């Protein structure tokens, strides 16, 4: 079972994706869901925008899934990331991993989300209650823009 | 939000329980699902039976949930464990944890399932393709019983 | 409290009425889910030894835990009449 | 390969036709999603320096990655005419 990585621009419904990871040898399943938080570094977030470089992001995402399949004794892994405008509480990413034993499922799920956050070309722009907005990890390293 | 721990004797549907963990400050959610595997220690498992000591198990389960709420920066945690006769692929346990950040959610979810497996009075009897059956962690420490 | 004084609280002749619950492998080996037992045991450990003799429980006290009135307890816990006692074989939930 | 020989493959007068894509903060600062650019840059780093001048990109090359034809590449990667180039500001998925 190869690892799956995809994007969507509508609400994530993990049920169908999770069903692809079911396997009679799978004793453990771990899922991570990233959701839009109402705060970040002391600011009140009202809305959030995700943008991806799709071709490169899919390529890098699939590479990470393959790395997870190689490094951990897992049966299947899948990830879907949403792009576009999201509201507080909306699911931005879902990662699911099935394995015979829970240790590999936890480790692989953690590996996948950590690597995605570091390597996959996806950007997040937060819109604050103050009216400000900013591209996370970009503006903070240069100056704060007010728009 | 106190941690929730409960038993059921019908298929687990985590959706309603997971909804109780939603919170606008929750940026990360981690779930663990334990399912009935088709094999264990070289034997083919065909069916599985869970039995609990309900009063003590609920007490110990709630204690573990409280420990997780104290030890990790999490927003909510819930667990449901099924008892009775389960088939291959059936969900035996679901643990869900929401937190502002993923590190706490992963750590707490792992803590909860590890402690439950070690401390909560629930027993598992596997029925094998060979016709044998055995109480896990009990028979293996004494002798293998054929019934 | 001197141990000898402590033991003398329940002289050997006194039989306690105990409510036993059996789970998992103990339920199968005892052939019952529960019973009321009259016992001369004064501690959880003595009661377990009695049940090992009666039902052939093979798990040692290091593999097993004792619970009285729905709380885990030490093996040297003194029993009193009316106690609800259960012994906990190695668990395997999740 | 001697570096001077390598540089001479693209003499300064030659303009390369490059397909640029801009994402996130670069898209906003450039004011466009993509463009075809005629450039005298010979490496990804030279091209990025040119765009910093043109659009005021403030992120340094240590904060940014280069990608050519949908693959990450080194900053000293030689450009050739027709390359699709994108610069990757710090990512924040998940």
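Per-chain numbering from 1; labels A, B, C and D assigned in written order.
In this text, contacts are C-beta pairs under 8 Å (C-beta built on N, C-alpha and C of every residue); 3 or more make two chains touch, one makes a residue touch a chain.
Worth saying up front: this structure is predicted, and the values here are computed from it rather than measured.
Looking at the partners of subunit B and subunit C together, they share no chain. Rounded to a whole number, the gap between the C-alpha centres of subunit C and subunit D is 77 angstrom. Taking each chain's centre as the mean of its C-alpha atoms, subunit A lies 52 Å from subunit C. Note: centroid distance subunit A to subunit D, computed from Cα atoms, is 27 Å.
The multi-chain contact residues of subunit A, meaning those touching 2 or more other chains, are 34, 113.
Those chain pairs judged to touch are A-B, A-D, B-C.
Contact residues of subunit D toward subunit A in the complex are 21, 23-25, 27-28, 58-59, 63, 67, 70-72, 86, 88-94.
Contact residues of subunit B toward subunit C in the complex are 34, 50-53, 55-57, 59-60, 81, 92-93, 113, 116-125, 135-139, 141-143.
Residues of subunit A touching subunit B in their complex: 22, 24-39, 88-89, 100, 102, 105-106, 109-110, 113.
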